[in-house]
Amino acid sequence: MKDLTDRLGTLFSLGDITEKRDDLAFVSVAPDLLRAVITHLRDVEGFTHLVLLTAVDWIEGGQFQLTYLVHNRTRARDIGLRVFIDREEATMAGIHDLWPTAATYQRELKEMFGIDFPGSPRIDEEFILEGWTDIPPYRRDFDTKKYAEETYFHRPGRETFDPATHMKDKLYPGEAS
Amino acid sequence: MEAFVKPGEKNRLKERPERPVKQELQPRVVKTPDGQEITVEPLKDYYCEAPPRVHPPAYAKIVEDLFNWARAESLWILGFGTGCGAIEMRPLMTPRFDAYRYGIQWRPTPRQANLFVISGYLSVKTLKRAIRSYEQMQNPKYVVGLGSCTINGGMYWDSYNTIKRLDRYLPVDLYITGCMPRPEALLAGFLELKKIIKAGKGEGANRYAENFDWYKANQKQVIHDWDMPDYSW
Amino acid sequence: MTVQDVLSPFTAWKNLFRDPVTVRDPLTERPGAARYRGFHKNDVAECIGCGTCEAICQNAAIDMVPVDGIETKEGDSGLRPQIDYGRCCWCALCVDVCMTGSLTMSNEYTWIDSDPDAFRFVPGVDHKSWDDAELGYHRPDGHRLTPPERIVMREMDPERRIGNFEEIVDGYSVEEARAEAERCVACGLCVATCPAHMSIPDYIATIREGDYEAGLKLLYETNPFSQVCGRVCTHKCETVCAVHHEGDPIAIRWLKRHITDQVDRDRYVDIIGRPAGETGHKVAVVGAGPAGLTAAFDLARMGHAVTVFEARKHAGGMTRYGIPEYRLPYDALDADVDVIRAMGVDIKCDTPIGDKVTMTGLEKDFDTVLVAIGLHLGRSTRIPGSDHPKVAKAVDLLRAITDGETIDVPKTAVVIGGGNVAMDIARSLARLQKQIHGEVGMTVTALEDFSHFLADPEEVKESFEEGIEIFDARGPREVLVDEVGNVTGLKTWKVVSIFDDKGRFAPTYDEGDERIHVGTMVIEAIGQAADVALLGEALTEKLEWNRGRITVDADGRTSEPWLWAAGDCVNGPDVVHAVADGHRVAASMDAVLKAKELS
Amino acid sequence: MPEGRGYQRLKPLTNLQDILDVATEFERTARDFYKDLVPKVSKNIRYLVEELAEEEQEHFDLFADLARRDDLGDLVRHEIERPASDRKFSDCVHLPDLGENPDDQAVLQYALMREHAAMEQYTALAERTPPGPVHDLFLFLANEETKHKNELEAIYYEIVHSGGV
Amino acid sequence: MALFELDRSQYPEAKADGSLDIDLASGKYLKLWQGPQHPGITGNMSVELTVCGDEVVEGRTHVGYLHRGFEKLMERRTFIQCFPIVCRICVPEPDFNEYCYAAAVEELAGLEVPERAHWIRTLILEMGRINSYMMYLGGQAGSFGMGVIGQWATYVRDLMLDRFEEMTGARIYHMFILPGGVRDGLPEGFAVRMEETLREVERALKDINDVMYCNAVFKKRTVGVGVITPEMIEPYGVTGPNARAAGVAKDVRKDQPYLVYPELDFEPVTGSVSDIYTRADVRRRDVHVSIDLIRQILQKMPKDGPVMTRLPNVLNWKIPEGETYIRGECSRGEYGYYLVTDGSGYPRRVNVRGPSYTHAMALLEKLIVNANISDVAGLMVSLHTYPPEIER
């Protein structure tokens, strides 16, 4: 992979590069450079298969990490482009014109993370959730357990005991510690 | 069974922003073949809006027992696999487990089915379709819940999209536990259901009619995209 | 479109002549496979209610519930897993992680009910049809989700450690400690067994996170002698550790020590926190052993003015003068004592109770007094010849070694006794013999046989490694003295059996098997007593006694309202019991002092 | 030691009742000795002396009601089928002088010595009398003293071999 | 070559985002819903068809009926707790999730899996592949009205499930491939019973071939319908039998061999034109390849040795920060797990890339245009899609 990343390094200013295996590497790219790099990879370097486009929510850093994973079948190699965008107004240029299947990924990211891809076909159409009223569920600030308890009401009548406190109540209730 | 609490029970209806009605459900003016202009109201014309009634037992016990015997011996399951448990119903259709010898078979439409098997977890989107399918089935109708997901949420107990207790949304006659229950357990469950029906205790449909408001309130509390009348058969 | 395409589908008709594959009665003919993961079974006698199955279950399907008929005792929380089959997914992770292997699965799979609340049961307690099914999933042998082996603690090898008094145990490095702390399943069964009820799982968790200062704060909430207990505690907690059932228990004692080693000592006081404001009450403590100083530490932190009177030159009591340096280095003990001093406790050394300071004096000058004098008098067997000057008591000899006095080290010596004190004195003298004479000549004889030895097994093992001969089941008969007046050895008889079936002392000797153990010096380490003479005649008369020990209630109060007693001199064989006594006394004193304020 | 004063008094007696009377008298002297030792001893070990006094009292009562029993002979014979073995644990413990302020160990040693002496005295008497009721009675008395001594040895072990870990 | 080409001039042009501006009131078009329940597809997926006469003008796939939010739930579960939930993502072939998740965790945590565990994992994956194809055959025949094939296929699948139950302790969700290896070795006499089951599969396949593949009606309705041209493969990310039927020998087991595939000799099966018939035929021949693979595995497998590596204490298991992508060839195409860890005890993000993600959405919506209503069901099933892979 070293040769590929070096070649890319000469053409574009890349962020940090992690070489996971000899057939997989991840490269950080600036958001506006993404389209250029990915088009170059697809047309020149032979990475013609878009494997996946997903988002990772780094809530501590206030950032979404968009990962574009493309695969080159002849050389049997993958390269993942990492793009960091702001968490609050998360928008990114779509790549639905390069791969028609990217439109589906972008629809899912819009519904699940709230990342907007202006111009992507049917971006605002309901994809998975129907009549969803809360914030996009895959964001880390959405607590699914609390939502489930408030909305669906688990079956009552269950209670658990912690062994240590139970033994304290039973064997030495008066003691301080 | 959990005590039935009248609709006042704390299930706050989420405040729902007004949703645009789907294109095919909006009223539209259509020219009939003979040139007249009529307006089609899908939400009214396609449904029959009448709340369900409690069906009293037949006039004589002997006759009711006969009916129950007939109903029990012909459990026609609606072919709607709502969850992952449906895959274990397929072997029942094959000669190896041969559910047909017990009078059990699968029917494509709710009109011809009298047993609705909720086969595992039920996401909100499928719940809406399940409710419509259930309401389109003819009385007497029974519901069987498969797997731990219908009892107390199962593996998806903390998921934001699956219901946790089936008995809050549909009247359930029988539960078969397992993740997912095997074909043999399903057969044992159906035979158990036969006993319940023959004993005249298969009153799920009537319970649904009696506590109709409570069920509707619960259903509307989780289904936000409610673009159909309350009862659509 | 060929003719074959039209005709070949009709080949299906050949199935008319095949016999059907239908299962005649699917409800009974199809039991689950031998490894089938069916409904749960639990051997409630084997289960210790540690809650590890509840911790690993990702469906929160398991609750630990009390069960009547199973009472809580040491090592068993009395709780049993209740499984909610409205949540379970039969993944059997609980069976794989079960600490005692009591939770298994049957191959039963049919459970049908109309009532949704019925699918909750405590396996082994609520009896089900599958309780005695033979087939079903069991944890495959060798398949473990928690590492059973303990991280090996590096120790000095015998050849190197025999020549000096340096500490044998090196202590864990950060990586080793973290790896050992990883093994803890945080079930909490150990907390009840520890006499001081230290919050063990919490401070082990701080080691995992590497937050040693939080760990130290946790330690000092319950044990101001953490450095000492980290080295010499009898670690009862490790005997009830859940991991102990199918592997080595967690090295709790060494992990406690690891925390104290990682935080440098001048940070201790500001981590533990300053004592509260002055309350104006004055408390006197007799004896600066673990019990006395723990009570002093607690009371000082509550703001009371505490003065400790110690007869010896240094504080520490039995932990300094009874335990040799290779087991507990004095700088570790001094570190603990310095922390207690920093809390404002005034420790007056070299002030024995008796002439200058008397008990009646203390009663007048202080609001409350605590007697924590330990067991510093050695017992003698008083067999013929045992009053010879060359026959010494182990406690006195250990005190001399600790004070650094020069003692004439015999070439060969015999120790009577089988407890830890006997081992300590034997191994101390062995080291001195090695330093002075170049080779070890120590023999230990004990009345009890190895199975009844009071000493820790590792102590006995290490003594053997250091070249000390140990003879068990030898009854001491006579100290042999030659005509010139020097001790030449000890005559012992073989003890055939030492206790009767009811466990009472009923020795039977084999007089034929008589043996002479050569030694120019005999040391008696058979037992210790408290030096109660210092209480003075008047007080001894007023106090209530119970078989030679001061009678105290649960809080350590004696029959005298102003006097408390704690530590070895009252009960509890070891350091951590003394610390626990100290806490109880401090809490009780504080309550009494507060009550006195109101009235 | 075995041919001491007591031995001489008992040797000539042939009547069971008289022997028993003398034995009970010995027990009474022992009890009285302990009774007046109680105040003299420091309070923390006073419990021990009281226990010894009670032990002797029990023996006194035992022998006293035995003396009144008429089926003395076969009762004694029945007892000595199971002789208590003398464990010889304390034989090597030499006699201390009680002195001014004895500690618990010294008191126990003294008690053990008395029991040992009594046991040897009765066994010697038993050996010197021809087999018969008198012989059995002496054996019985020796047996009682041995059991008593074993009991004391157990208490000695618990007190001396204790404390410390 | 498509059987009939309709001129599309009479239909309205596509809007900017590709969907057509349909005026229902004009009475020329009709909106039909295909699904969400259809015997052919395992799982619920519906296609919203706009039809003119009986020719489809536009199709939109709707999913979300089986959405449980796996990736959200896995962020709340420790690594060992994620193990039982991953296999629930895909019912016909659950083992692939277990393998991909286990391999991803092993790579990031640096676990060394023993040799024998690799062999057992490959065995399970191939058995799972046969099961998945059997389910497909039942569905494909069902969508064209031939119910009997579904009976035979499900029966044979049931025999295979007995083998699974015997080896792993469960029928469908095996929860057997644990991060670090597999739970246990093979039971005694497994190879013999496996051989019998394989012969049953071969016998059933032969029957199905006679009745379905050499069937004039089936041929007439499937040849030349729903053609995937080789040029469509890269833009639409088509993988698996759908792509191989178009002549592109795209098989991860050959391109990037994993587990013990390098030691097994087999040839990926390819066809000429990727229409419904060829795709079905490629899948049938793939089953034969899998049967042969299983025989090779059982014969070459090391008889004893450890099956599980030593795991750290799973209750406090923290994996250092990192991200990785593990892929494999499942029955429907390329299956992959993208796992991101942040050094805590919980995965930061898990993304499951199932082959149906592209097949059922972009590809189906493209192929379905100007298909006949009666072929829509067959077309959907022929792509062998499984909806929960799309919405997870």
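By letter and in written order, the chains are A, B, C, D and E; residue numbering begins at 1 in each of them.
Just so we're on the same page, a contact is a pair of C-beta atoms (placed from the backbone, for glycine too) under 8 Å apart; a residue touches a chain by one contact, two chains touch by 3 or more.
Worth saying up front: this structure is predicted, and the values here are computed from it rather than measured.
Listed by label, the chains touching chain A and chain E alike are B, C. Among the remaining chains, those touching chain C and also chain E are A, B.
Legend note: the chain whose CA centroid lies nearest the centroid of all displayed protein CA atoms is C. At the far end from chain C, in terms of centres built from Cα atoms, lies B. Most remote from chain E, judged by the distance between CA-atom centroids, is D. Here the spacing of chain B and chain D, counted between their Cα centres, is 93 Å. Here the CA centre of chain A is 49 Å from the CA centre of chain C.
Between chain A and chain B the centroid-to-centroid distance comes to 37 Å (mean Cα coordinates, whole Å).
With touch defined as above, residues shared between interfaces to two or more other chains in chain B number as follows: 95-96, 125, 151-153, 155, 157-162, 165, 179, 182-183. Chain D has no residue in contact with two or more other chains. Those residues of chain A in touch with two or more other chains are numbered 129-130, 137, 142, 144-145, 155. Working note: touching chain pairs come out as A-B, A-C, A-E, B-C, B-E, C-D, C-E.
Partner chain A is touched in their complex by these residues of chain C: 49-51, 54, 63-66, 71-74, 77-79, 84, 86, 116-117, 120, 187-189, 191-192, 196-199, 201, 221-222, 583-584, 587.
Considering their complex, residues 129-134, 137, 142, 144-145, 147-148, 151-155 of chain A touch chain B.
Every residue of chain C that touches chain B in the complex is listed here, in rising order: 20-23, 26-27, 30, 58-61, 84-90, 109-117, 119. Chain B contributes residues 11, 14-17, 19, 124-125, 128, 151-153, 157-165, 168, 221-226 to its touches with chain A in the complex.
Contact residues of chain E toward chain C in the complex are 77-78, 80-85, 88, 148, 155, 162, 165-170, 173, 175, 183-185, 187, 207, 210-212, 214-216, 219-220, 306, 308, 310-316.
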